[in-house]
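Labels for the chains are A, B and C, by order of writing; each one numbers its residues from 1.
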Amino acid sequence: MIKGTVSTFGALVLFIGAWLIFASGTKRGKRFSIRRVAGIQAVDEAVERCTEMGRPVHFATGTGALDSSMIASFAIMSYIATKCAQMDTGLIVSAGLPEIYQISEGVVRQAYVEAGKMGSFRAENVRYLTSAVAAYEIAVDGLLHRENPGANLMFGPFNAEAMMIAERGNRLGLVQIAGTNSFLSLARFVATCDYVLIGDELYSAAAYLFRDKEPDRVNQVLAQDVLKLGAFLVILIGTILTSSGNGIVAKLLAK
Amino acid sequence: MNRLAEWLSNIDVRILQAGLVIVVVFALVNPMGLSVPITEGATRAYESINSLPAGSKVIFAVSTNPGSAAEHAAMGPAILKHLVKDKIKIAFIPTGSQATAYVADYVNQAKKLGYKEGTDFVNLPFRAGDEKFVASLGTGFKSVYKELPSSPLWDSMVDIKSFSMWIDISGGQSQMWAIAHIGDPFKIPVVSGVNSNMIMNLEQYLKSGQLSGLLGGLAGGAQYEVLSGAPASGVASMDAQGFGYLWIILLLILGNIGYLTSKKAGTAKGGVTGD
Amino acid sequence: MKGRSALAVLVSTLTALVVFAARFVDVPVITVTSQRIMEWTVVVAAFALGLGAVNLARVSIKNISARRGKSWWLNIVTLVFLVVPAVTGIALGPNHKNYLWMYNTFYVPLNASIVALGVFWICSASYRAFRLRNLHSFLLLASSTIVMIGSMGLGQKYLPYSPKMSEWILNVVSSAIMRSMGIITAIGMAGVGLRIVVGLERRPLAGGDSGE
């Protein structure tokens, strides 16, 4: 093995082992519960509010790369698209990367198909704006003014555009819910949004929303918790040992 | 009193923003020459570069884009002047697609300071690939630039180990790539200059020693100018930045006075929700 | 699973496994294949950019033909700035003076101006958000105020301990939180990555096909 990767491989084995244990429990009929994240309940309320007001829902994905937070956000996008299709509420998706636009169109289209509302699907409502941060924030700013949505949902990897988009939405009086694992954007969202899903809550939210249809998502979250516990123990034991002059944990992690 | 309190807690946004402009312009026009607080990251950056012997070679990697240009406007020239003063040889490399123009600026500045291309610095062209490109500089430095003409300095740059330091001026993630593919495997010190909002994210790398210096935004540039004894545009902007902070602090105080007074009267609004 | 979905899942699983394996083992075939796969992602991203541009053009043309909204004419501006630089760059090259003129005259100042506007948003957002509602809000307000005071010359002059307090907040408190969030986020990324490797995450691959 490549030097320095043994500890990573060990963590991977622990993760997969925990996942398999939870998966076998699910196969035997056991159902693991997952707590509801406050922001996700607010998503339902936001969509209902938009339906009552007759205004569309706006979903922004940011200009960050197609990473794991965006993959988790696609699950949330699918959920919101399904709800919008069922309630005949408009949904506008603003993508900041062309590959995210491609996938978003597929996700929203599929949601409308599964809801039996393919006739209501409008391809032009899923838009690629631009990949440049400044241009994206201005484009979304203009879109919020012109399209007059009732809610501004921001899920995905955001960069500096988070500030302007969220602040503009706040000034327009929109319900705002955000979820990202980008440190830079979190502070901005916390200051301007009604609800924020911080880091891991994004993955938990996707697991909660699809806990019945895709129970493996809950198993994933549980396996993540096992790995977090393992990391905590390693840090605790390592700190104690290293502080007392024993560097064995650091040596093991460097293998 | 209630009306004043309500007004204080809901000041029109235009007044907030106009006040900020007035305060910043005032400070720019009437500089007070206030001192610049020096951070540990800036001190370590200066000491790391200062400890390089004359004739050492460094990579000056630039990933500036139009959005981050203002944040890097002070630190880049300050570091460059220091390198020239200490007669350090430089390889300029744009690691971002939009950085070529900014590298050209640094090259012009180096020439104005008396440096000659081919003997004191080389200007390497942009190569696409982001992290892959940085990684390939570590594993096969010369093979990335096969077509470059020979020159005394370029010929002496055999591989990545020919360099004593990687200086990274970036608005993105190139410093992370440098740590992962250059600093950690080849034990080459990495000094990073970033946007001010990225400092929090990178302090941990400074603490762990994976970064040998960290400069954040215009303030970081101003600190480096002070440390290197060459105050310039960075230091000149610090008064304005400080007054801008003062204005925001004043607004926070007024807003909270209004909020708490309104709260007592039962008409309060605002704050971070979800508390 | 339908044929197209199955193919997408198979390709993604195989490529993910190869890149994964290259991280842990030093086998030349795997390493070289992994590098080739990474190069292919650049090509795929370039094609996706083209499709994105087509979508942007399609939406703009639709708005122009329908005269949709008061500012429908801005879509003409969008189309001009989409087509002209693209054609110029392709025909003359990105280093040609005409292309660089467009870049330096329009893109650079506009980009820098929008980024600079950020400070106004931060000013109004912090004024509105930092209110003393409870202990959490107090900590938020106090830490941000200390960091601001410690970062400026006036703070250093009249409150000499403020720079040290500011550094402590950034280096100790903030750094610890960043590290823990980094660990948690990385673990989450590992979970999602593994779902893609084993073929469980099919929503992005099959255009929304759920994980069944």
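What we mean here is this: a residue touches a chain if its C-beta (ideal position, glycine included) is under 8 Å from a C-beta of that chain, and two chains touch if they have at least 3 such contacts.
Only a predicted model underlies this, so the values are computations on that prediction, with no experimental measurement involved.
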item: Top-ranked pair of chains - ranking by C-beta pairs in contact; value: A-C
item: Far-end chain from chain C, centres as C-alpha averages; value: B
item: Chain ID, smallest distance between chain and overall C-alpha centroids; value: C
item: Whole-Å gap separating chain B and chain C, where each centre is the average of the chain's CA atoms; value: 20
item: Chain A-chain C separation of Cα centroids, rounded to whole Å; value: 14
item: Between chain B and chain A, distance of the C-alpha-averaged centres to the nearest whole Å; value: 30
item: Where chain A touches two or more other chains at once, by residue number; value: 133-134, 160, 183, 190-191
item: Residue numbers of chain B (touch at least two other chains); value: 13, 66-67, 200-201, 272
item: Chain C, residues touching no fewer than two other chains; value: 107, 111, 114-115, 124, 126, 128-130, 178
item: In the complex with chain A, residue positions of chain C that touch it; value: 23-26, 44-45, 48-53, 55-56, 58-59, 62, 69, 71, 74, 107, 110-111, 113-115, 117-118, 121-122, 124-126, 128-130, 178, 181, 183-185, 187-196, 200-201, 203-204, 206-212
item: Chain B-facing residues of chain A, complex; value: 38, 133-134, 160, 171, 183-184, 190-191, 194-196
item: Complex contacts: residues of chain B adjacent to chain A; value: 13, 66-67, 197-198, 200-201, 272-274
item: Residue ranges of chain A in contact with chain C within the complex; value: 1-2, 5, 8-9, 12, 15-16, 19, 67-69, 71-72, 74-75, 78, 95, 97-99, 101-103, 105-111, 113-114, 124, 127-135, 137-138, 142, 146, 160, 163-164, 166-168, 170, 181, 183, 188, 190-192, 198-200, 202-203, 210, 213-214, 216-217, 220-221, 223-224, 227-228, 231
item: For the chain B and chain C complex, residues of the former touching the latter; value: 9, 11, 13, 16-17, 20, 32, 34-37, 39-40, 65-70, 101, 128-129, 132, 199-201, 203-204, 207, 219, 238-239, 241-242, 244-249, 251-252, 255-256, 259-260, 268, 270-272, 275
